[in-house]
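This is the structure, below, for whatever I ask next.
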Amino acid sequence: MIVVMKQGASQADIDHMTARVEELGLKAHVIVGTERTVIAAIGEKREAHKESLESGPSVAEVLPILAPYKIASREIKQETTVVVAGSLSVGGNRIGVIAGPCSVESEEQLMTTARAVKAAGATALRGGAFKPRTSPYSFQGMKEDGLKLLATAREETGLAIVTEVVAAEDVSLVARYADVLQIGARNMQNYRLLEAVGKTDRAVLLKRGPSATLDELLLAAEYILDGGNPNVMLCERGIRTFESHTRFTLPLATVIYLHGKTHLPIVVDPSHGTGHTYMVPQMAAASVAAGADGLILEVHPEPETALSDGYQSLTPDQFVETMELCRRVAGAMNREI
Amino acid sequence: MIVVMKQGASQADIDHMTARVEELGLKAHVIVGTERTVIAAIGEKREAHKESLESGPSVAEVLPILAPYKIASREIKQETTVVVAGSLSVGGNRIGVIAGPCSVESEEQLMTTARAVKAAGATALRGGAFKPRTSPYSFQGMKEDGLKLLATAREETGLAIVTEVVAAEDVSLVARYADVLQIGARNMQNYRLLEAVGKTDRAVLLKRGPSATLDELLLAAEYILDGGNPNVMLCERGIRTFESHTRFTLPLATVIYLHGKTHLPIVVDPSHGTGHTYMVPQMAAASVAAGADGLILEVHPEPETALSDGYQSLTPDQFVETMELCRRVAGAMNREI
Amino acid sequence: MIVVMKQGASQADIDHMTARVEELGLKAHVIVGTERTVIAAIGEKREAHKESLESGPSVAEVLPILAPYKIASREIKQETTVVVAGSLSVGGNRIGVIAGPCSVESEEQLMTTARAVKAAGATALRGGAFKPRTSPYSFQGMKEDGLKLLATAREETGLAIVTEVVAAEDVSLVARYADVLQIGARNMQNYRLLEAVGKTDRAVLLKRGPSATLDELLLAAEYILDGGNPNVMLCERGIRTFESHTRFTLPLATVIYLHGKTHLPIVVDPSHGTGHTYMVPQMAAASVAAGADGLILEVHPEPETALSDGYQSLTPDQFVETMELCRRVAGAMNREI
Amino acid sequence: MIVVMKQGASQADIDHMTARVEELGLKAHVIVGTERTVIAAIGEKREAHKESLESGPSVAEVLPILAPYKIASREIKQETTVVVAGSLSVGGNRIGVIAGPCSVESEEQLMTTARAVKAAGATALRGGAFKPRTSPYSFQGMKEDGLKLLATAREETGLAIVTEVVAAEDVSLVARYADVLQIGARNMQNYRLLEAVGKTDRAVLLKRGPSATLDELLLAAEYILDGGNPNVMLCERGIRTFESHTRFTLPLATVIYLHGKTHLPIVVDPSHGTGHTYMVPQMAAASVAAGADGLILEVHPEPETALSDGYQSLTPDQFVETMELCRRVAGAMNREI
């Protein structure tokens, strides 16, 4: 860490901060600049003391040098982690494709979709049984009945099941049916839930919260990794900005940045990231071009009557076209899909 | 709702959407404009069909007329709700002041703070026992031991206790000790938790998530209200924007907007809203001028050694000055503190 | 427009607003809903009266139905405009590529870059002679001497010249040398400048301001179009959000949205849109996948000594690789580059 | 500056960067940490070489220690600048109040407003003659005729005139009539215009752009100061965020931050900062509580028929009430109005 003192800080304040740095077990290195003095604190631990030093007298700011996460860091592990869960593999040369309805609504709806996405090349089936909904008056999901239908779909199609878990107390139930536990954007910082999935042997798809920084996302992953579960996929699904013509803003440079900082594979969600069906095919292709290791896409046999997210769901036919487009772009990037 | 058709929508599409509106139990009213046709859907329910109509053919957009929340709405209840919990009252002419450390760290730290804030006029004591922390390596709170210390502090000072609950399974434990259950910003859309506090008889302080819209905040409150608990205070604590000189951006116009839309009282948190001790006194005063019904402020006897949030905590002396400032501004606004 | 009255609006207020709508030359259509009354104003002109109606008594909000821009709208002109300026063509099947240094620094620097980007397939040369710089202490550009060097580069390479103009009084000077007048992000709403370039016969590259909505961007284009100049290219170069690991956030869904709303061609700037050289190749490829009609890229023979923007400039070798990548992705999208 | 090297940077890269730092005339101080090496560059000039160093091999990031602005900095000048222009004084204990219509529309409209705001205690009159409008189809202002009416209003009421100038070529014309030249938010980075007003002897009111950082705002001020004009007031008028219930988000902590960084006085604009008349009185009071040195408020005798900004204009009666409220809050803050 670099402790930057205010201009005109007294020698007493500089001495005080030097002592504080040493109390924290770090080596202090005082550099007297032409206008300001800075104290380099060497031996920085990631469980940083940044906050504590910031309260010191005449401190202008504290600049950390190390990232706050550890197990997730590519500095610790050079090669990209390949997460495998049944038919789904994410992190290798082949791009994983998770497709299916926002919510499980009925056996017919789910099976129709599962067959269609399987035929078009999806490698996993998504479907929500526990639905966190903004309004208490919206459809809240089929719960365990939905999970059973998902297991049926896996039995028939062989597709791995990706489904959301919304509370620590549901983890063992959902893990009985699912191959991948999805942590939704609203729960990215539900640490009790992160700890609970960290103790399972199921792969985890961790979605970025719409106002989370990437350090916060990586620290959320760190909770899971620190619990002993190494199979974490990160998912970019859009951030909240002033743009109103899309539901969220999908910042694809995130994929490139994260690939530099972490060995965890990166999935992109162009359905939530745009909120409009007509934007999904090209944004899926753009995600592949940006280097995504996986895609997660909403598909519904009849979007107009979907109980949730119809406005951003592809029909099975549109999904076929999207896959073709992504396959060509993946080829251009020397990857497969 | 107003269904806006695309320019050049065919009569078939218009007829289709008219039929869809009527299928949903609404009365369709077709208005042929000079350039576009719009369909007014009369009898709109709040459990809106907006999503479903948006997927229709040739629909450009669907504009809702009614707010999506109901019980929280001032259209339903004209007078402001006064939430009373022990010594704390929020929503009346007197402004409630909740003060105390970010985390409960020790008996001495807590009792020193409790006595100081009581003496300076605070009407409730805050202190975290269960701490949701961005990093798994940060101090995670004293848990039930912290709750016990809070109860001791109430016993001595008479101050109502405000403390955070982070998971549904902890609600009954925390409710045994606390007067007010705080839902933190990270958990604003943890619906399982909202439902759990909705079933208690404890008042709830619901903090806005840093990227939540005000409709989302009011719908989160609706989960609690719908569970049967009418004692909800909303808390503005800052949103995430491109500004980097403050930890969050504190948008005080929110207080005025919410007072127009809901009967629930509004608390402001200038400590998290700025992230810098030196900004807190004036932003607390500004919050009062904007019409806040309550303030929540971090106070620590020795911010430099605090285990969390020292950089935004007031010392007891600074709290005394802040209270004096706020008292004068409250007087200017014809309120008391 | 739809004028939404507040709940409980009096008949007098409804009558007043009905009269106001008719005073504005529109036909008022009153719809009494179950909870609220709305007034549809038919015959809406784009020079909308929205603002004026919003001040009316008991008006909750005014929802416009028509977009505020006209000449730029795809409703007016179905086929995409192809802007041609010398060797550059943007809007057709072939993607235009504008490449070159941020600033013109010397003859050697410019000629080296011009030859390199030409050889790699660029169809126009960029280079700033008038540089709007955040700090008055930064290099401000070579001015007319820079323009002369650009003209020399065109003479040798045949590449069309794209260069920024920062003030109305410079338009005729810059137009003497340039094929395309670039309006920078900071000047997107410099209306005097927009009017001035609207009166020239030079093509215009209009960059989006970092907090401009797309309606504001299209209205800025409308100033140019309304002045009589139909050759406008829009450029997405990133918006300001809370993300700090990129200089700006590049929202590629913008390309898809704009293609739906306007016939003007869309260029993407992944150099400014990311602010990091290492992100540029993949984000350029992603831009092509999202449907961009053109790319603008910063290239410098020796980024480390560049007088501006070195940290986001490609070397000539990196530009060659970026072009190869984009060419393959363009092929996947059935386009050429 | 602190140059942070990537983990695993080679000794050759470290030596290269050390040499680069010394080439730039700075003293390099290499600190070998446990995980990374950093190079402190001592003697940093504000015309920073940050950009250039960022392009070096194995450089992770470059952290500046000094602010990029100089003349605007409070480190250079301790006492707050008091800007005086005719009847207006901003920066002293008494808060300056600039009030009047968005646009000058007619003699009657202007004189009615001028008399009313003077009677209520305003110390300057605002009114736009050159109007930068988002749409080319909106009212563009009365131009010089408007300036003449403003001069007439000054003659009768004695109020100093604050009016916008939108282009460098208009500066001498506008300066003939105005006491204060306003640079609008859209022109905050119109450097040609900043240079032009920097050469006049008129005071300048510089509005923050809606996505400008505070460093960018201070650097814009630096252009004016560097031109020789010391009479600059900064104006916070709201930033663009995801909030949609206000036109902009008014971040009042800005006032406190700027008071720490610069000696220039700070004005707040609650009219643009909220975009809703009903929010203006309380946000004006909150601005005073946050420490604003001045307020700028839109007032119109008949907002419903205003040619611009009616929805955020106060009537004269509302202005009287706002002034009373602000006067009481100013008293609470030990200031006058």
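The letters A, B, C and D name the chains in turn, as written, and every chain counts its residues from 1.
Throughout what follows, a residue touches a chain if its C-beta (ideal position, glycine included) is under 8 Å from a C-beta of that chain, and two chains touch if they have at least 3 such contacts.
Everything numeric in this text was worked out from a predicted model, so none of it was measured.
Annotation: the subunit A:subunit D pair of sequence copies touches via predominantly the same residues, more than half of the used numbers being shared.
Across the two interfaces under comparison, A-C and B-C, the one joined by more C-beta contacts turns out to be A-C.
Taking each chain's centre as the mean of its C-alpha atoms, subunit A lies 26 Å from subunit B.
Per-chain Cα centroids separate subunit B from subunit C by 38 Å. Centroids built from CA atoms put subunit C at 31 Å from subunit A.
Among all residues of subunit A, those that touch two or more other chains are 211, 239-242, 244. Those residues of subunit D lying in contact with subunit A across their complex are 2, 4, 7-8, 29, 31-36, 38, 40, 42-44, 63, 65-66, 75, 240-242, 244.
Within the complex formed with subunit A, the residues of subunit C that make contact are 211, 213-214, 239, 241-246, 249-257, 260, 273-274, 278-279, 282-283, 285-291, 325, 328-329, 331-333. Residues 20, 46-47, 51-52, 54-56, 68-70, 132-138, 166-169, 186-187, 189-192, 209-211, 216, 219, 222-223, 226, 239-240, 277, 303-306, 308-311, 313 of subunit B are the ones touching subunit A in the complex.
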